[in-house]
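Read through the structures below before going on.
In the two complexes below, chain A is the common chain; its partner is chain B in one and chain C in the other.
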Partner chain A sequence: MASWGEASQSRLIGKRIARLSGKDKVTGKAKYTFDINRPEMLYGRILRSEVAHANVTDLDLTRAEALPGVKAVIPLIEVGRKLRYQGQEIAAVAAETDDIAKDALRLIYVELEELPFVVTEADAIAEGAPQIRDDWKGNQSNPGINEDGDVDAAFSEAAVTVEATYHTPVQTHVCLETHGHVVEWTDEQNLTVWASTQAVFGVRNDLARRFELPANQVRVITEHMGGGFGSKFNAGVEGLAAVRLSRMTERPIKLMLTRKAEHLVAGNRPSMTQHVKAGATRDGRLIAYDMRGYGTGGISSGAGFNAPYVYHVPNRRTERFNVAVNAGNQRAMRAPGHPQGAFAMDSLMDELAEKLGMNPLEFRRINDSSEVRQAQYTLGAQEIGWHRRNNVPGSGTGVKKRGMGVGSGLWGGGGGRGTQARVTINADGTVEAVTGTQDIGTGIRTVIAIIVAEELGLAPTDISVKVGDSGPGLPSGGSGGSQTTASVAPVIKTAAAAAKQKLFEHVAPLLQAPVDDLRIGTGKIYVASDRTKTVTWKQATGQLGQESISEGGNWDEELRQGGVAGTQFAEVEVDTQTGHVKVLKIVAVQDCGLAINRLTTESQINGGVIMGLGQALLEERIMDPQTGRMLNANLEDYKVPGTFEIPEIKSIVFDTHRKVTGVGEPPCIPTLGAIANAVHNAIGVRIRELPITPDKVLTALAEKKA
Partner chain B sequence: MSDKEKEKKQETNISRRSFLKGVGTGTVAATVAPAILVGDAETAEAQTDGAVSTAKIQLNINEKLYEIEVEARTTLLTVLRDGIDTGGNNVDLTGAKLICDRGECGGCTVLVDGKVVYACMMLAMDTQGKQITTVEGIANGDDLHPVQEAFIKHDAMMCGFCTPGFIVSSVALLNENKKPTIAEIKDGLSGNTCRCGTYPFIFDAVETASEKM
Partner chain C sequence: MDKFSYVNATSLKQVTSLLSDSGWGEVMMIAGGTDLLSELKEYIETPKTLINLKTLPGMDSITADATGLKIGALATVTDIAMHPTIQHHYTVLAQAAASVATPQIRNVGTLGGNLCQRPRCWYYRDETVNCLKKGGDICYAIDGLSKYHAIFGGDPVYIVHPSDIAPALIALNASLKIAGPEGEKTLKVEEFFTLPAANPFRENVLEPNEIVVEVQVPQPKPNTKSFYLKAREKGAPDFALASVAGVFEMMGKTCQVANVVLGGVAPAPWRSAEAETALTGKMINEAVSMNAGAEAVKDAEPMNDNAYKVTLAQNLISRTAMMAVS
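Coming up: the complex of A and B.
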């Protein structure tokens, strides 16, 4: 049976190992799609709607086409069609320089007939709101209703009930490298595309289908990628436009989104509003839950969230629906549906615990069936010093008040079939590992090197890892759902093991021992029954002569497992005069199965916590109901965490089993509830709407006084 | 919508229409609702009709002289990333990134005469006669700077897109303050933004580097 072996036997797996791309990244040599410069390359730009809803009545590209330096202009919408949100594409240009492309956009003549619009959920569901989707009744989708147990009976048995409304706004991904491509037709039938994507093969297949090319004649390359967080899986309108412009001009073209467009059209995390009522027994059993909620994913649907979450409620009724507004579509964003659901659920749990006069951690313990999280609660509470928490919320003295809170999360991961990989051992001792996954910053390149190096007795830096290229024809899935490591690792391991076996067959005659008596040591191969008989790695591979060993791997269920648990504790300090919330410390206890590289796993946990902190305290897409535009489509007014917001973060990789699961998404989930609960513990007032900005804190404090 | 709100909305529309008239666009309102001009044709024409005025300048980047033809509006960042010298070679110093395009995120941070500047906010012409150092010029050949070594050791990067900016800012910080406290590190790097959330390990890396310098 395949296994990753015991921790004590691992030389590399589970250790803290510096990422292989480190040197390229710190010297500026790492080439992202945005950095690709091709000979004779043109620059592309897209003209976008500045209005939220309009009919296109005229579109004239001729003046833009006539501008010196402009090589092609294409419409991206037909006259007579509707623009349905700010940022929607109207036309694209290709020009000799980016500045000329900018000029050309200003020469495009567009005539629009403005239509009534709605950009906020409240406006969209208000009576008399203009209907903005033809296929829905009003601006709401048909609700999905679920019921388990007997909710009404359970409420009549409940000793305490809480009724509250929780809200999280739309959050945007803010990928620092915007979406985009560099496109080059090498001839009429062969297309090479550098893509800023989480799915090299997904983009390849997408483009091949749309341009009716054989898949192996489209090559997609993503050597390095500047952040995706769930928003970069397809070629997108911009990618298709770039391919068309490149074909027309017979020149390579670079077309990257602007920062503004990135906010407007490149995806977002949908909002959530839930009206929830829940009840618990005197001894702290959560027994009744009734929730009606909605969110907006812009003009599209997909605004789901998890409710109830983590904690088991036997009797529950939920009704949820989507609200359409004239704004850019949602896309998957790091643990879709979970952080918002966790914020509401963890807030609700604390509100119930308070009514019961129970410690919120104790209340969770009673209602959480996960043994892993039970152990995490103990560890996390110790690390944060939970005993220091205010027994009575808001009871601290002074202007700056401190408090503590806890939140929880869960995720799947565990990978899936569909990855092909090849491990090659050459006669000169060099080793290559190739697969079509992509390193989106999570460090899969290094994970692959660690696995191969462990199997072959080498150092990770001895392994040449090639990912992010569809050229070799070894597909792997998109990097989503925290699935990359668990999908790739088993295939890489079995490929490396097969290559090792082949090498043993070549070396056995030299060592005069049977193949199954050979073992790998560090930098050598030896005979298990007579350890004096050894050959160095180089001597061994020298046996290959003119040959190379090249072996594929296979998916192995025994090497992976789905399901992770996590919990986080926050300590905050709230300035009751300014309303400013400062997070002092977060303890993140995160299970992720076998952490192949403990260092990059810790990075992922830090990153998740910080993104969760952003959602808790800073981030919000602000739409102007007057103009239908996003007011903060930049990095100045759309606040993401900066150095001053970063607390002390204790990231604890919580070992559970030695099968690979994945960790990209889960650490961003519990942070929101932990911070919100800590704020309540500090000031004794609950803020049920994120982000917790100073104005909300001051308003809540004023209402408490009054 | 209340009457007052309607009135307010109408006012906004009217003022926007007058504004469009004011800049003399050729757009015609097709219906009662105002037509919206997305581009601004005349301004563009004024900028681009006829010969675009350019000048040849010399820039000293990473101790190498480049002769480049630039427009007045060309930024230093454009030269570094997209510039072609008069010999037809790409400058191709793409370590500095354009991320926010408005001097907010620090992705394009470079040193000009030893001081940190945002290359997206600096005109190329204004950097003539000055020493420009990009992230590519921080290492001494193959010998990495202690800041670079420490970033690798501490995994002070994930996607790495912001990393060049952080490297340059960290070097500049340590040049001015050999032993910064954690608060001083946060202050010194406050002009740089990371979305992956690598900050804690960046702080660790700068501390380690400060011990090595």
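Coming up: the complex of A and C.
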């Protein structure tokens, strides 16, 4: 049975190993799609709707086409069709320079008949709101209703109940590298695309299908990419436009989204509003839960969230629906549905605990069936110093008040079939590992190098890892669902093991030992039964002569496992005069199975915490009911965490088994509830609407005083 | 941005003469460009000519003597923030400069540009919104989203002045020198800024053919304590939700003279005579400082989304007063 072996026997796996591409990234040597420039390349730009809802009554591209330097202009919407949100594509331009392309956009004539719009959930569900989707009744989808147990009876048994409304706004992905492509037709039937994507083969197959090309004649390259978070699985309108423009002009095209477009159309995390009532027994058992909630995924649906979450409630009734607004569509975003659900649930748990007069951690322990999380509660509480927490919320003295809170999360991960990989050993001792996955930023290159190096007795830097290219024809899935490492690692490991076996066969005659008596040592191969018989790695590979060993790998269920639990503790300091919340420390205890590279695993936890902190304290898509526009489609008023916001983050990789699971998404989940609960513990006022900005804190404190 | 011609400035005379023939917006000046470039990119401004002021000789100097400071309009925000004399004797000014934006912006942004920067209002900054400030009919913040807008002096345009340095200079009784075709004139920084009731389209008294060339700051008395407090949502870069420049001449715990100027709450830096009166001649303690804050905001007129700024401004004033005795 395949296994990753004991921790004590791992030379590299589970250790902290610096990211192989780190130096290239900090020195600027690493090439992102934005950095790719091709000979004779043109620049693409997209004209987008500046209104939320309108009929297109006329579209004239001729003035743009006539601008010197413009090589092609294509419509992206037909006259007679509807524009249904700000940012929707109208036309695309290819020009000799980016500036000419920008100027050309302003020469496109668009005639619109503006229509009534709704851009907020409140406006969308208000009486008499204009209906913005023909296929829905009103602006709400059919509710999904679920019921388990006997909710009414449970409420009558409950000693305490809490009734509250929790809200999280739309959050955008804010990929530091915006979506986009550099596209080049090498001939009529061969297309090369540099894509900022989290699914190299997904984009390849997408483009091949849409342009009716054989899949093997589309090559997609993503050597480095600046963040995806779930928003970069497809070529998108911009990718398809770039390919069309390139075909028309017979020139390479670079078409990257602007920051504004990135906010408007490149996906977002849907909002959530929950009206929830819950009840618990005097001894702290959560027994009744009744939730009616909704969210908006923009003009599309998909605004789901998890409720209830993590903690077990035997009697529960939920009703949830989508609200359509005239705004850009949601896309998957780091743990879709979980952070917003966790914020509501963890806030609710604290409110119930307070009514029961119970420590919120004890209340969780009673209602959490996960043994892993039970252990994490103990560890996290020690790390944060839970005993220092205010027993009475808001009881701290002084202007700046401190508080602590806890939150929880769960996720799947575990990987799946569909990755092909090759490990090649050359006669000169060099080793290559190739697969069609991509590094979304989590460090899969380094993970692959570690696995191969461990198997072959080499150093990670000895392994040349090639990912992010469909050219070699070794497919792998998209980087989503925290699945990349768990999908890729087993295949790489079995490929490396197969290559090692082949090498043993070449070396056995030299060492005069049977193949199954050979072992890998550091930089050498030796005979297990007579350790004096060794060859160096170079001597061994020298036996290959003119040959190379090149072996594929297999999916192996035994090397991976799904399902993780996490918990986080936050300590905050709230300035009661300015309403500013400073997070002092986050303890993130994250179950993740086997961490191939402990350092980059910790980095993922850090990143998740920072993203959760942003959602808790800063981030919000602000839609203006008056103009139908997003008012903060920039990085000035759409605020993401910066250096000053980053607290001490204690990332604890909580090993529970030695199978690979993946941990990209779960660390962003518990942060919201932990921070919100810590704010309440600090000031004694609960803020049920994210982000917790100074205006909300000051308003809540003023209401408490009054 | 639209195309424009670019002229390197050689003298103030040449600059004012180039500016003279046009109204606002045809010929514009650029120094650090940290504000103007974003206005050009968003088509908020579409000048035909830009005059590069960075080629003007000697206008970036900072000189300090016993009478006071002279800071050229081309001195960078970093120059001001890091100047030892300013840090020591004009603390409020160094603190205000240090709170601006990011190191990169402070390194190129200039004093003149900081004082003359345009509002950050999200309606004003949106090309497609023809708001009152840009010649339209209404200020969209009135019925729109007004979290970052004015609680004082708004009518009829509810922007807030974004400068951190301006409140500090006013609190230090600074003056500024303006050059125009007719020569130079000097006025108080306080008199430089105007409210929208006087001119909804501009934030100061500068004429289209004038340029700020220098700021002069009298040296504070030795018994002066001064502070700049800036409340913001994000550590950096972020503009003030509200800020306060407090300059206090102290005799022990008694405040002999108080200068209190708010930022981020009005279309111009907002001097609070009420707070100054409430502090002057008083032993500063919790009650007195609280009262000064309350006095300062008693005539505030919050909008739909910014009542929090009333509390915030009040608390910042109290805090800065207490800092003078701690």
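Here is the rule we go by: the second predicted complex is superposed on the first by the 706 of 706 C-alpha atoms of A that agree within 3 Å, B and C clash if a C-alpha of one lies under 4 Å from a C-alpha of the other, contacts with A are read in each partner's own complex, and residues count from 1 in each chain.
Rule of thumb we're sticking to: a contact is a pair of C-beta atoms (placed from the backbone, for glycine too) under 8 Å apart; a residue touches a chain by one contact, two chains touch by 3 or more.
Source: prediction; values computed, not measured.
Enquirer: Per the contact definition in the header, classify A:P68: touching chain B only (first), chain C only (second), both, or neither.
Expert: First partner only.
Enquirer: Scan A:N426 for contacts with chain B and chain C and give back first, second, both or neither.
Expert: Neither: A:N426 stays clear of chain B and chain C.
Enquirer: Quick one: is A:N554 in contact with chain B, with chain C, with both, or with neither? Answer first, second, both or neither.
Expert: neither
Enquirer: Is A:D98 in contact with chain B, with chain C, with both, or with neither (first, second, both, neither)?
Expert: After superposition on chain A, A:D98 lies in contact with chain B alone.
Enquirer: For A:Q374, select first, second, both or neither according to whether it touches chain B, chain C, the two together, or no partner.
Expert: Neither partner.
Enquirer: First (chain B), second (chain C), both or neither: which does A:F644 touch?
Expert: So A:F644 meets both chain B and chain C here.
Enquirer: Which partner does A:G579 contact after superposing on A: first (chain B), second (chain C), both, neither?
Expert: second
Enquirer: Who touches more of chain A, chain B or chain C?
Expert: Answer, by number of touched residues of chain A: B.
Enquirer: Check whether A:I90 is in contact with chain B, with chain C, with both or with neither, and answer first, second, both or neither.
Expert: In the superposition, A:I90 touches chain B alone.
Enquirer: Determine, under the contact definition given at the top, whether A:L698 touches first (chain B), second (chain C), both, or neither.
Expert: After superposing on A, A:L698 lies in contact with chain C but is clear of chain B.
Enquirer: Both chain B and chain C touch chain A; at which residues?
Expert: Of chain A, residues 50, 626-627, 636, 641-644 contact chain B in one complex and chain C in the other.
Enquirer: Flag every residue of chain A that touches chain C in the complex, lowest number first.
Expert: 50, 399, 577-580, 618, 622, 624-627, 629, 631-632, 636-637, 639, 641-645, 693-696, 698-699, 702
Enquirer: Going by the contact rule set out above, which residues of chain C touch chain A in the complex?
Expert: Where chain C meets chain A, its residues are 120, 122-123, 126, 128-129, 140, 143-145, 147-148, 231, 233-238, 241, 305-309, 311-312, 315-316, 318-319.
Enquirer: Along chain A, where are the residues that touch chain B in the complex?
Expert: 18-19, 21-32, 34-35, 37, 43, 47-51, 54, 57-58, 63, 67-68, 90, 97-100, 103-115, 128, 174-177, 224-227, 229, 258-259, 440-443, 599-600, 602-604, 606-611, 626-627, 634-636, 640-644, 646, 648-649, 651
Enquirer: What residues on chain B touch chain A, complex-wise?
Expert: 1, 8-9, 12, 26-28, 30-31, 33-41, 43-45, 47-48, 71, 73-74, 78, 81-82, 90, 92-102, 104-105, 107, 134-136, 138-139, 144, 147-148, 151-153, 155, 157-164, 167, 185-187, 189-190, 192-201, 203
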